[in-house]
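The next part holds the structures, each set out as structure tokens.
Note that chain A is present in both complexes that follow, paired respectively with chain B and with chain C.
And now, the complex of A and B:
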């Protein structure tokens, strides 16, 4: 665990260094080459020759890290939509920041936007606490109300003499290629501060995120950390505007973190994964928007992030839909096999274990299945080496064909029957069930009882030999005797 | 500073109407219809705590509309509605799927889904800009000021723009549905257990409401864009809820507020020379804040007065 962040830091430094080692000699502005093919653009992008590309890549990497870190906390705190509200609420601040200096001064816009965003979250809190309006409606009101004020100011600025040159449109959907050096510095500062604060107060952020009441009870200033997180969130949204845009910057917070959440249960791993996914999405967005000559960056970043999310959703090893589906299938087929083994055991038990072979017809009757299904079951048993057939005739699967347990088949059959009967006994003795009510329950649980629980049951029931219906509970030793005793 | 024009009450009131009634009256009616239809549906979203689902659907319609433009190359209303409805319902389904089948919580599922849809829509619009007759400004704040007024139908001797007729029909359909299914909507919103025991198919009502929501948003889309529509959905109902506890009163109030937003928005936009849809929402937000502070029942002023009185009576008892 301790090595991973160092590796990622190291690789980050390498990329950082390589970006500045490449000479400026061949630099060209992005818009200058309109007719180029994919591979040319691809190599231009990854050779880092254009300074604007270098800025865009660096900004995307830093922003991805920052958004991934903070996003992880807002996702586990179920504040995802607060991020969305915050990002829409900054718009009037951007416009006022512009009006303050009448140029696109990054610092003025940064200050204006941060104030507007924080004011938005505070107003949501006020509405929520002083009226009976629910939080989601309060967020809807603030989101759209602030956004509308911003839109009005924005359209008013467009009517000003130099308004069209303001480039405020870039803030809507993002344009990473338009990033200046001071934008980059700001992103770096915010990322650095976030990283520092999260490292310093990791424990506090962790505890307040998962159990606020506990945090307060051990004297942690939970509110303080909540507002600290909100402040960092506002900073990251504001510096992200230029690259991702107002409308979609919240997705940079939510999507990489949600992707990481699908892959791990540990917070520190989630933070690292989310930052990595954030960086990948950032690079993807910068690259695709570069390919298409000044297309908006934000949407491409989000689509890249969502693609990663989709992949994790489908194929994530632990919570992915496909692996879970496969596991379910495996479990079902194991349960089928175990039921067949149990049926063979029961048929033999009825004949006092005098007959070794069990015919397919008997098996069909016991399991209440047509012969065709029984054939499938038997084939499975043979494949798992739990049973063998009497003869390998040409007419293999007629109804009089007999099957025989292999030793491992026998052992497994005994285990299942044993689980079933022990559980029945446990329910009647310890949970006061009636003996005729316990079968169905045991039928389910026999497949999932582990070795430890079986030992526990045995001890609890004082090593029983008969189940509530008077049948023998097989133990491996008993049954070996029965088998050899014949 | 000439950024904000000087305020003159007389010009403020007369300016929108100075060059004849024809232009502004249609914008006024259109605004009212959009606000009222959205407000009616929005009330049930507020009750079900699904306010932000409206936001999600309105963002998700975009790729549907863009794809229809790309394929058919026309502004045929039927196709556009079909595409938008398909995209909207797909997003609702996807949000539920992610929320139910994985460990991702509902808020994050919502956030991931609608931003993805919206991003795809924006990419389609900007990559195929020459083939899609829809610009990003329209997505951001609508074009209520110049909605296809060149196409119009003669209705009772006057020429009525087609988009306005569509919105009018939508409003009437929503109104009729709300009146006819009032009981069902009410019960399922407040107590889904009771609804099921009364034999009301709660999930049908839910999907019906989602359909109605998508329909209203589709027709409002060109007027107010994808983002401001959330205000039209939530603000009238939330403002009404500050004044009354009875749903019929709140529904009536939200229709009245719809008219007010429209009227105030037009005047504000004319004065400040800014986006009309934006100005409508700003006036709605202003009205909300005003009622929030000064409402006679639970306004901030009344609450703080009460608190003061309480404190002074405590002091006098001591």
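And now, the complex of A and C:
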């Protein structure tokens, strides 16, 4: 086999990956390089013609579901590190399972790995209950200790003269394409059992995860469900080894579940989302690994899972960084608009509402801003349809230009002034603030008071009409009359 | 000695040890029905341990516990529990309704989901603690007082005869505290028995019918007016006179400022 196509495949793959991460710079190169190659690969992969591809896809889907379901409980129970410990602790078991039969018999390896993994968790438990070493250190010790033993055993096996040891190294980083039918059956069984138990005992898993003491107070065998979860966890880690590899299998448990946790506040939705993300990561990993011919699957699965996590972290509607930033910007610009509205109101108030229009110069003086800034603010008001300019074609924004409220602008101005003055009154009357201390606080509060709180404040203060400084508190109805009554 | 109707709670010679170090010695206790009982003692006195041992979460080294004449496991359904608020992760992905529905789980079988009736009960309990408008809110968006109300609503949904509450007044606002105590008193009027771990000696005297003074052993148990004495409190708090004089000061101040309502 020549090296060149291998390299071009690899670079095509890298470019696809960078395309995935939204990079325009590489877009031009794709056409020149391996587009046909890539689309060929794409169709071959998703036409499921290769039996090994079929196995790989099925296994990735099943494993994604299983890891998503169990991982959700691992994440909310704060057992993520336990998953990592467990997955590393199985390595000596894999080696011993192999040494037992001297073949890559999946059942022997399954049994060996499960025993080693569970032994690891028992040792962690034993260390931190019988000594004053805390759980995190205990896990660190067990994780690295077991893993090191496993590596030693594997090196020994590599030097053994006989035995079918080919493919044993696949356990380190995973190779979905190397899955046999019996591997697939084991993954299917573990996924099926996990799905069944979590569906049947959803209520029990939920309450023991949220409030263990309460769960046992109502007579629920909390420990039993904990061990059941740990056992399922061990099984899923062991069957996931072949596809994802020891080093990264715990990430398949944690990352999709953590991604789902960023996107929802309800446990059942988290379970579903985590399974979907797990499946997407699984397929992604299998596909990229297929593209690169004999590349390990595990790293690509975790790169896919981490990409999804990164996207959720950036763009998740509730906790995402970008939406939060946009909301902050919106809030700031809303506050700006409201302050301008208030300033226009105050100018009109000074003239006893006799003048309808307010000049930009007046507004600049009131807001203590240069004309250029005032222009910006006025443009905002116009864009929001809160005010209009007395039309003048030549110089739209000279300082004598006047702006006029629209009804909705007027209403909003009244609302914000009312909020401000109500809050000042509340602070002086109910919280015993000095009248000259309340203004700054009200400057902030006026923008966040909701209508319900305003109603409550009005009731509490017995529908006041004057603020602590003797100014009129506008109620929206009153001021509509004032405006139309001019 | 042996009444026809079994006592809500009977404890005999209960000793509990952590890592072989005893934390509770030979506790004997017989709690009559329809009482609001305060469990009072200094930090580390074993108040929470006592509750958890009664409920079978910590195995005792010796002695036994009977709930309405039977071992705990057999009568778990008749017991309601409000754990300490800090004992759970309030970022957990559930909403208020989900938490209150957990109060119904003890009445459901192993494979049964809460039904329409359970949801109605849960909603009624939320209304009792004035939390109905928050039923669909995620629990991380609640204040400390609201969290405690949710826990109380969950306990109410258990519809039990004997309640254990672990510091229900810790870190809650005054409005929540008075709301909780009036609900507890209402439960007592309906013949329920309530055991409340409590930290504040000043209010203990007003809130509770009976007091259990605890400091690794039972100092005394009986009607509040008999038990709430200087000598017994001093014994309970192990000669830590500072606390007692502080309490005395606060009480004096309170009675100076406003005469306590009945």
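Points to keep in mind about this one:
Everything that follows uses one rule, which is that the second predicted complex is superposed on the first by the 437 of 486 C-alpha atoms of A that agree within 3 Å, B and C clash if a C-alpha of one lies under 4 Å from a C-alpha of the other, contacts with A are read in each partner's own complex, and residues count from 1 in each chain.
FYI, contacts are C-beta pairs under 8 Å (C-beta built on N, C-alpha and C of every residue); 3 or more make two chains touch, one makes a residue touch a chain.
Because the structure is predicted, anything quoted here is derived from the model rather than measured.
Upon superposition of the two complexes on chain A, no clash is found between chain B and chain C, which fit side by side.
Contacts of A:51 after superposition on the shared chain: neither chain B nor chain C is touched.
Of the two partner chains placed by superposition, chain B and chain C are both touched by A:261. In the superposition on chain A, A:78 makes contact with both chain B and chain C.
With both structures placed on the common chain, the touch criterion links A:464 to neither chain B nor chain C.
By the touch criterion defined above, A:203 reaches chain C but does not reach chain B. Within the superposed three-chain model, A:131 lies in touch with chain B and out of touch with chain C [touch as defined at top]. Contacts of A:357 after superposition: neither chain B nor chain C is touched. Of the two partner chains placed by the overlay, only chain B lies in contact with A:145; chain C stays clear of it. More residues of chain A lie in contact with B than with the other chain of the pair chain B and chain C. After superposing the two complexes on chain A, the shortest C-alpha to C-alpha distance between chain B and chain C comes to 5 Å. In the superposition on chain A, the residues of chain A touched by chain B in one structure and by chain C in the other are 78, 261. On the chain C side of its complex with chain A, the touching residues are 52, 55-57, 73, 76-77, 79, 81, 83, 87-89, 92-95, 98-99, 102, 105-106, 108, 110-111, 113-114, 138, 140, 154, 158, 164. By the touch criterion stated above, chain A contacts chain B in their complex at residues 75, 78-81, 83-84, 88, 99, 127, 130-134, 136-141, 143-149, 151-156, 159-160, 172-173, 247-248, 250-251, 254-255, 257-258, 261-262, 292, 295-296, 298-300, 302-303, 306, 309, 313, 319, 321. Residues 76, 78, 200-204, 206-207, 209-211, 213-220, 261, 264-267, 269-270 of chain A are the ones touching chain C in the complex. Those residues of chain B that touch chain A in the complex are listed here as 3-4, 46, 49-52, 54-55, 98, 101-105, 107-112, 115-116, 118-120, 122-123, 126-127, 136, 140-141, 227-228, 230-231, 233-235, 237-238, 241-242, 268-269, 272-275, 277-282, 284-285, 288, 292, 298, 300, 303.
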